[in-house]
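Report on one structure; see the data block that follows.
The chains carry the letters A, B, C and D, assigned in the order they are written, with residues numbered from 1 in each.
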Amino acid sequence: MNPEAPAHRQTQTPATALPDRLRGILLPFPTPFGPDGDFDPRLLSANIERWNRTGISGFVALGSTGERVHLDERERERVVETARAATAEGLAFVVGVGEQSTRATVAEAARAARAGADALLVITPHFYRGAMNGEALRAHFEAVADASPVPLVLYNIPQNTGVALAPETVARLGEHPNVVGLKDSSGDVASLMETLRLVGTPRADFAVTTGHAGVLHPALAAGADGAILAAACVVPRLCVAVFEAARAGDHERARALQRRLAPVARAVTVGYGIGGLKAALDLLGYHGGPVRAPLRPPDEGARREIEKLLKEVDSSQ
Amino acid sequence: MNPEAPAHRQTQTPATALPDRLRGILLPFPTPFGPDGDFDPRLLSANIERWNRTGISGFVALGSTGERVHLDERERERVVETARAATAEGLAFVVGVGEQSTRATVAEAARAARAGADALLVITPHFYRGAMNGEALRAHFEAVADASPVPLVLYNIPQNTGVALAPETVARLGEHPNVVGLKDSSGDVASLMETLRLVGTPRADFAVTTGHAGVLHPALAAGADGAILAAACVVPRLCVAVFEAARAGDHERARALQRRLAPVARAVTVGYGIGGLKAALDLLGYHGGPVRAPLRPPDEGARREIEKLLKEVDSSQ
Amino acid sequence: MNPEAPAHRQTQTPATALPDRLRGILLPFPTPFGPDGDFDPRLLSANIERWNRTGISGFVALGSTGERVHLDERERERVVETARAATAEGLAFVVGVGEQSTRATVAEAARAARAGADALLVITPHFYRGAMNGEALRAHFEAVADASPVPLVLYNIPQNTGVALAPETVARLGEHPNVVGLKDSSGDVASLMETLRLVGTPRADFAVTTGHAGVLHPALAAGADGAILAAACVVPRLCVAVFEAARAGDHERARALQRRLAPVARAVTVGYGIGGLKAALDLLGYHGGPVRAPLRPPDEGARREIEKLLKEVDSSQ
Amino acid sequence: MNPEAPAHRQTQTPATALPDRLRGILLPFPTPFGPDGDFDPRLLSANIERWNRTGISGFVALGSTGERVHLDERERERVVETARAATAEGLAFVVGVGEQSTRATVAEAARAARAGADALLVITPHFYRGAMNGEALRAHFEAVADASPVPLVLYNIPQNTGVALAPETVARLGEHPNVVGLKDSSGDVASLMETLRLVGTPRADFAVTTGHAGVLHPALAAGADGAILAAACVVPRLCVAVFEAARAGDHERARALQRRLAPVARAVTVGYGIGGLKAALDLLGYHGGPVRAPLRPPDEGARREIEKLLKEVDSSQ
């Protein structure tokens, strides 16, 4: 850590407050586009107002599901401002950032903080994946953490990036006062547990979350603090119910709920992707809408499969 | 399933009895060699007699940790006979089998059954991995299950074989009356959970076990029935304690025990391999001894690291 | 292909002219930064003026080696304008483009064409790699090809992107009149040969180039038309000599030259990365300079190794 | 190397003689089974007598294509004896060996030599792939080379084994007087070239061969000495023609022939596997016959595709 981190950090809400808001289910929402393919803020506001009342703990704007990489700088700002305004008080509001260079990531972090982020979900750089060893990643995240006006949540999603944050690297970065958590979307539970052990959870000032709905319950059983789940956009109450059951120590119930969650979670993530997730939202009366190319909408068979899965899971909503 | 399966199956102990004996911790023990490199049955008997009193539920002879692939046919028979004789009454006695061809696997299964196996742990064929699709694997296991005098436990260990048994394939094979369980060593908890869901656990006639100590607790929390763990040769009581805590619903305790288990489990498996596991046994007063080349013994630094980890974990034994 | 492609394409230099300029060695040059980390156009001009006289066939601005992903939009434009102005007449001038969305890629293509690109090297979208099947990739490239004022060269670099362009997809896209070539950096010669076969080379209107110096000679022997090689920034004459020997059918000489090329090519690409390549340029009197974080400069040992390799290869320059 | 290598090596044909017999096309033939699934020596003799007259340089018994892993010890001996007797004078006769343990590999090498092998193709051990680093592999091959009555050819086939022999390891082993060659089936031409460079080819006492028909011509262009190709069982004369053209420096012709070779080679290897190769032999009047389970015969569509490809390539036979 750079001891010359900006003084304004002292005047922020203490970083230790943020991790508590990660101890629940957060929604990394998709970005709704209108028929013309442009971002439509009214659709997003409507979605968020409905999600506000589902028991979730917060939102993540501009995550992988939010097609952040498909949006230009101005669109990103509008998504953040729109979502920030619609988010209910008391809910965490996290914004996804992360360019390939450290300098651009620092600049983006400043913009996102200005636009209202409580914290930033910072993805690993990855285009030069062969060079992204632990040392390079640590230096990158420390530089961003030193500069950022708001705290960071590290984002590990090797299935998209080809870069995995090692538990040792997370533990080292967890010593930085402006790094308050991890979203681990890898689904690698052994690695998640090693991270929990090395980070020394439970900790007041750091929260480990899973980003893989397929291992929500076992991750919680293993000590994860919360979850940031694309599938939770579709079945928020079911995800919250798994979390609550696990927190209450009722693992039999958590296990049964997880089993109901699994097929639909799979369909709207790895199965049919963001197009599938948006189709599911449309079916549920949210505003899903189109994806941007080169992503493609689900075909008719996929839509029917999604519809069937939603009906099956319906009684739990 | 072949309707012409051998009639003698009807006269066996019902297959449904075996799965219950997999609901605990089983030890896939290493094969002890003397200073001349030959199998020494006395060392094995002594080890087993000591493990008998650790609270475990059974043994697996000739698993991956047992260097089965380093033993000739006569040695395999002697290992099985020795271990069978030393195993305490009431403990499950499973024998690892599995050649690349179906016909050789059937023959080996018959030999292992004759030598006293309660059940067989049958590894996926893998040399022609590109051809090992679900259909080929299903036909293989069904043919072996049809012919085997004793029930089968499917063995999925893609990190060694390059072949993964899909949850759908396991579920299909789980309908065969002579297939009574799965050992999943992949460590892929999402896949394990999908298997549990498709197999329809809990089931009286089928047990799903994990073979990856690094995910023991989350696998149990997710509904796994038991575990077959190389690390349990070194820390049997600790593994049993994790199992008992999880079974009792005390997941906080299970989580704390798992955290103590993790470093030593890692060291004697992926860290330092079978040589490391045998060195750990030597340090604990068991008979570990040498590995067969091309495996290599741990170097001095590795031995010291193992010794340190064993001391740290000692109070829990 | 979209039959409603913009009419201005008819007024361009015929696309068939471009492929011929890919039949040689092209340099995907790095972007030189000054001590303050900002792009310094004078350094780039000086480099290009020197490379102009090495026998190469052209340049690629803003390729992977050009740290395109580390540059903002304004910097990219300046790099293109600077390099365009310095490039000797008759040399090909290709510009790397490619955002994750089709719409942003189309916009970037227009900007690059306006800034003076003869052709565009368009990388596969890759953040949503799980969704990048042949159909999605084909639709993406066709949309960009339909819209682009200048012809496209497809860019396959799976080691960075996790996405591989299949030979069948390249062949299909090769039917589009505004797609004039491929840069294949995979190093997979079997796949390159299948591409050559399906594309039907030699063809006047399509050039297949390799982007992997380690297979330069065998790729040429197999029928590749040219190469776009980062290593050629360091040893341009040696790369040109391999090309000329292969073109002349003197494969014994090409093989001997390739053997001299291999160690240095490896060091300045996979070995020590862009930092290593820039260090090599500094040693040779070009302007290499720093890389942008999170990339890191080579350490002292790496620099010495690079220096040694450059001395060994020197006589061939 | 062990300086106490057996004295009888001095009385053998000098190891330097063997490499010359690898400078051509060798056939790693499949093992023909009769309708009962048993090995039928008459079918093998008939095949070999026909292949003897195709211009090839030799045979490999019990390679991957020979379903060695599906044969028991007695069957292996009969295959070797049968093939040895049928092999025309002057052709190389190599036998595939390699168990997981060093001691069993040494024993198998002795048996194969007694049964008439000129040289042994020794596969990398691989079940404990995580432990198979360069040091372990080197010690293994050196021990086998020290003990073997006949010289060794190293066998690298990572697509089946998950273990890759590094160029550095091959180069080190190439200093052993009883190691006379490499079969590299990886298809990784960059790695093959690095091996050629480090081994220091051309060398009288060591031959580097490719085992991947898809890169036959580029491998030869890069300096490979010969090839051991499953596809050559189906199209021996075409493979020999590629080799002869490349040796004569007529790379244009080699390239054209390679292009005809590619589709059929792919179909009878990665495409439809050993079952496909045997079906192709049946169509050509050789004795292909069934594969052993869990391998499966090609389905009707695959057979038709193979038949079509054989007709297309026919004029070159």
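Annotations for the structure displayed:
In this text, contacts are C-beta pairs under 8 Å (C-beta built on N, C-alpha and C of every residue); 3 or more make two chains touch, one makes a residue touch a chain.
In this text, all values refer to a predicted model and were calculated from it rather than measured experimentally.
Shared contact partners of chain A and chain C: not a single chain qualifies. Relative to chain B, the most remote chain by averaged C-alpha coordinates is C.
Chain B has its Cα centroid 37 Å from the Cα centroid of chain A. Centre-to-centre, using mean CA coordinates, chain B is 51 Å away from chain C. Shared contact sites, meaning residues of chain C that touch two or more other chains, are absent. Those chain pairs judged to touch are A-B, A-C, B-D, C-D.
Those residues of chain A that touch chain C in the complex are listed here as 37, 64, 67, 69-70, 72, 99-104, 125, 127-132, 135-137, 139-140, 143, 159-160, 162, 270, 273-275, 292-296. The residues of chain A lying in touch with chain B in their complex are 187-190, 193-194, 196-197, 212, 214-215, 217-219, 221-223, 249, 251-252, 255, 258-259, 262, 266.
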